[in-house]
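Structures incoming, each one as structure tokens.
First chain A sits with chain B, and in the next complex the same chain sits with chain C.
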Partner chain A sequence: MTLRRALSWLAHVAVVAIVLAMLMPVIYMIGMSFRTSTEIIEQPLGMPNSLYLGNYETVLASMPYLRSVINSIGITLAVTLMVAFLGSLAAYPLARRTNRFTRIVIMLVALGLATPPFVTITPIYVIFRNLGLLDSYVGIIIAFTALNLPLAVFFYTSFIGAIPKELEEAARLDNCNNWQIYWYIIRPLLGPATATLSLFVTLMVWNDFTYPLLLLSSPEKSTVMISVYRFLGNLNVQPDQLFPAAVLGSLPLLVLFVIFQRRIVAGVTAGAVK
Partner chain B sequence: MNKSHLKLSCVAIAALLTAQAASAQQVVLDVTGWKGNEAEPAGMSELIEAFEAANPDIDVEFSYISRLDTDVVLPPRLQGDNAPDVMMTDMPLVSIWSESGLLADLGTDSEWYGRLEGSLVPSVTNDDSIYIMPLEVIGMGNFVNMDLLAQAGISEAPTTIDELHAACQALDAEGIRPLIFTGGFSAPLFVIANGLEQSNGAASLGMAEEMFVDSAAFNASIDLVRGLIDNKCVDPQGQAGLDPWSTALTEFKAGNFAMMPQGAWNIGDFSTVEGLNFTFAPIPSGNDSGVALDLFGIGWSMSAQTEYPEEAKRFIDFFAQAENLQIMLDAESAYSPFQGGASGMPTLAAAYDQSRLDGGVIMYPFAVLDWPKPLEGEIWDSLTGFLLDTDKSNEAVLERWDEAVEDSL
Partner chain C sequence: MKRSFSIYWFTAPALLVIACFFIYPIALSVQMSFTDFKGVGDANYVGLENYDRFVSRSRYMNAVWTTLKFTFVVVAMQTLLGLCFAAVLHRMPAIRNFCRATLFTPAMMSFVIVGYVWQFIYSPYSGGLNALLTAMGLDGLTRGWLGDPATALYAIAFTHVWMFVGYTTAIFLVGFANIPQDIDEAGRLDGASNWQRFRHLELPLLASSFTVNIILSTVGTLKTFELPFIMTRGGPDRATNTLSLEIVNNLFGSYKFGFASALSIIMLVLVMIVALIQNTYLRGREDNT
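Right, the complex of A and B next:
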């Protein structure tokens, strides 16, 4: 019994240590953001003596923070919804009709996952220019949706494959058509997969700055990561500016995760234990 | 409709037409650059404001794109016929984009072309065409903390290898760490500067006409590093992996090291550190003058696809005017690429200035395309590896350089 308690205690200590190690960069980033440049120079790895807000004042004065946060939230939300909807819609027939054609389609989707981004960047730019989608919110949302769809389709296909067909057969007996089966039977069962997928997509869209840099040229349309990116030098780093900018860049996402933490965790873990 | 209504309508229509005509004449220039952000302002916002005031018919829309991302973001725009009107470039970019016909010839008949420093003219001219208007030449030398040197009883920054060794011994005796020598950037600067000073020129090495591995100058330069290690100037394993763009700079600013080979672009930042008494000197070498390793870094290029070539040229020409360029040179602590010796170097860089006057100047071979760009990364990697394992032979290091050159030919 004592041994079991000791092992349990050790396991808890190990978990706390691992969590602390994982959080260390975040703690360091937040700590640095409240230190003066002199403090940072004197003790690069130290923690703040006091909560110095001057760095935040300087950074906020030179970045369109609120506007760029609203842009980022809007784009991320739209992309996540579109990816979840279109991905699950495409995956449903691919999971249910297994023949040579659907297998080829799934392979093509997998190819989309394996394609390096620099291969697609020029064609995307040229197509969007021809369609008049440059420097528009619609353009960037379509681009991110297209880039994330292979992941979603791949993800949902295997998940839908595990849903018992009997549920659909029962719905068919009740005269449901394919769309109704998808909407009323399949879609609600995809909650856990959607929660996990949304996490991936949200992080990817929020943190990406290559496509916003390429497709959005108006400063008022820039995302929060583009605003943060301006604080990173080519040949030097100003920690008293970069760290508060980085905190401000990730803060909205952190707040959203805290607010929806229960739902996200419930979604991700649902179905894990029977 | 009575008379007063008619008059009012006429005035309104006239005002509308005038406004429309004015907006039709207003040109918006799309400009991109990797200077002008919060971290490296380079006087850009001030200069753009001044340009717009002097050219009320032109609005400049400036976008910051880092040097690294320029390679990713601008090629699709260039290939998609939607390039910025004016782009910040350097010679590696110019060589690729001009060959593909993506850049416009700025014309060797440009007023500023005749004023360019003679040493730059061959590098930037390509078959009587010029695709870049150089903005600055920036020094790469040795930052020296004079207070730490004074504690060791030394009053002047070392410019020769012998002086460097003497300084290292004195500093080490006082318990002061002498030299930051990062495998990326700092160590390469030292090795390249000393190697080139003793060799017959960079071009033959960059064309594989001469091999690094057979070069007595570069073998001797690596031996110099061994000497620095033996003399406790450098802690090789402790510094090989230091990041030259963040950690190393902080260490120097904190006064934890006495010297650091780096670029003059740090002068502005270091000058804001209270109590940091430093100078910018040439890289110590076998000659009395040391080596002033000059980097021709940035310039403006005009897109071949621009709809506004005349306005784009006006923008570029604006930066060629001495009083305008001086704003950038001051912000960057750089030298003018034009004749006349204009400089934004402060007096604390007098030793570097003197080295240039004494003939100690060597152009950084990557910036003028004497050496292929992939070699730069190979030099950084191989020297980092060497610092981590100093038992490696010179041959093992220099063979990697030769392979990188051969691969890029």
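Right, the complex of A and C next:
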């Protein structure tokens, strides 16, 4: 029996080692960000000797990091508000009624969810240009809202479906109309769903590259990923610029992930399984 | 009593957004795909010329082929690896949450960052992978991973799998958790080994997890753009030139809006066909088990 326990213990250690090996590139990224170019070239696998912050100083001096963090946060907040409101509003009738109309709506939402962003990017670029929405916060907020909306509708539909109907019936006896029921009964119950949804939106707005790359052109409006991309460019990337910029670009979400790890993993998988 | 308007009006704003951002753009794409629109000026109707160009030049058919090959490699590796991790972690509750979160971490990072970091890892000049191979005494294997047409696509595919294997693992773990306990218990009482229980009891019951994982990763991978855009720009020798990359290059490299639209429509059709085939096959497989 002791042999068996020792073997089991050994197996656990081996699995943790393999899983941690998967994390190596992240650790590598953080470690390299504290080393000078010469150190990296001379010893590609060495760990930092000291907490050398020179790389970060250079990067922060030449990349509009803080400004783009504020942009990303602002866009995320606006998109979350819009998506939560429009999504839950549309989800309420979809969760409560089943007929030909709701089936058609659900089909259209599914079409939106399945359409690859590349299929619509050319026409959206043309439409935005004609409407003067290129390179504006309003434009990118509308575009991200549209991209996130189909998922939000499905998300809220299954959530509202689980809310007992009795709550509404009581309100209906008190002569509440549909809007009042949505606003005073349903909406206040959506907190947990909105919290999870906001994590999706944050992840998407923070990390998406294609839409802001094509729709935003001025540096002071760009999101974090666009700033990182514009700063690093495509050719001859220097490691002492690359790694600190990469750490700065991913740090906020990695911190968020450490805090909300369970909720994010559970939310993302639940969204997928449903 | 206040007049109550129909509850169906609540869907109107969302329907308007879907109409403006999905239905109208798709229609506009179809229309533009029959023109020579250059982004500015007039668009002349050119019939099927754009589609003809797509079919007649090997460059574009190769982009489709590259996209499909990339998707196949990623989906196969990611599903297999995710299944292995989930099967092992399912049996190790003590470390399950920690490992699931650790494997999930790369999915929190942006394609841009992952692309840059892995580009350096694969770099022939003081890149991490070659240095690691040298340290392990495997000098013979070192190469410029992204500079060699034979390895570039697989190197990017590996990076993609690294990013999303935690996602696949988490979905499979939900599948494992949904297997009724008494089934595993019965297998154990009948003296079935770990492997036998996995192969004959758990694997058939994971059919719906397979469906979700394969369809999600396929749809996600078919549109791959960022990693090859950052890591190789489609090179070397167009070995990593995916369909999405081709769309963006035609759009903003050469302002061929009409042709880019035709490529988008081809992509939409491709995604629909692949999803339809997979859905039919995988759902059918679920019903049989």
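To be clear about the criterion, the second predicted complex is superposed on the first by the 210 of 274 C-alpha atoms of A that agree within 3 Å, B and C clash if a C-alpha of one lies under 4 Å from a C-alpha of the other, contacts with A are read in each partner's own complex, and residues count from 1 in each chain.
One rule holds in what follows: a residue touches a chain if its C-beta (ideal position, glycine included) is under 8 Å from a C-beta of that chain, and two chains touch if they have at least 3 such contacts.
This is a predicted model, so every value here is computed, not measured.
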{"item": "First, second, both or neither for A:Ile259, with chain B first and chain C second", "value": "neither"}
{"item": "Touching partner for A:Leu131 - first (chain B), second (chain C), both, neither", "value": "neither"}
{"item": "Contacts of A:Val228 with chain B and chain C, given as first, second, both or neither", "value": "second"}
{"item": "Which superposed partner A:Val237 touches (first chain B, second chain C, both, neither)", "value": "both"}
{"item": "Contacts of A:Pro44 with chain B and chain C, given as first, second, both or neither", "value": "both"}
{"item": "Partner contacting more residues of chain A (chain B vs chain C)", "value": "C"}
{"item": "Touching partner for A:Thr145 - first (chain B), second (chain C), both, neither", "value": "second"}
{"item": "First, second, both or neither for A:Leu167, with chain B first and chain C second", "value": "neither"}
{"item": "Which of chain B and chain C A:Val19 touches, first, second, both or neither", "value": "second"}
{"item": "Contacts of A:Leu53 with chain B and chain C, given as first, second, both or neither", "value": "neither"}
{"item": "Chain A positions touched by chain B in one structure and by chain C in the second", "value": "40-41, 44, 118, 121-122, 124-126, 210, 214, 229, 232, 234, 237, 239, 242"}
{"item": "Chain B residues touching chain A - in the complex, by the definition given at the top", "value": "30, 34-35, 37-40, 61, 63-69, 72-73, 75-77, 79-82, 245-247, 249-251, 253-254, 263, 265-266, 269, 272-274"}
{"item": "Sites on chain C touched by chain A in the complex", "value": "1-8, 10-11, 13-15, 17-18, 20-26, 28-29, 32, 39, 85, 88-89, 92, 94-95, 97-106, 108-113, 116-121, 125-128, 130-132, 135, 162, 165, 167, 170-171, 173-174, 212, 216, 219, 222-223, 225-226, 230, 233, 243-244, 247-248, 251-252, 257, 260-261, 264-265, 267-268, 271-272, 275"}
{"item": "Residues of chain A touching chain B in the complex", "value": "37-38, 40-42, 44, 62, 118, 121-122, 124-126, 129, 134, 210, 213-214, 217, 219, 229-239, 241-242"}
{"item": "Chain C-touching residues of chain A, taken from the complex the two chains share", "value": "11-12, 15-16, 19-20, 22-23, 25-26, 28-29, 40-41, 44-45, 86-87, 89-90, 92-94, 96-97, 101, 105, 108-109, 111-112, 114-127, 143, 145-147, 149-150, 153, 175, 177-179, 182, 203, 206-210, 214, 225, 228-229, 232, 234, 237, 239, 242-243, 245-246, 249-250, 253-254, 256-257, 261-262, 264-265, 268-269, 272-273"}
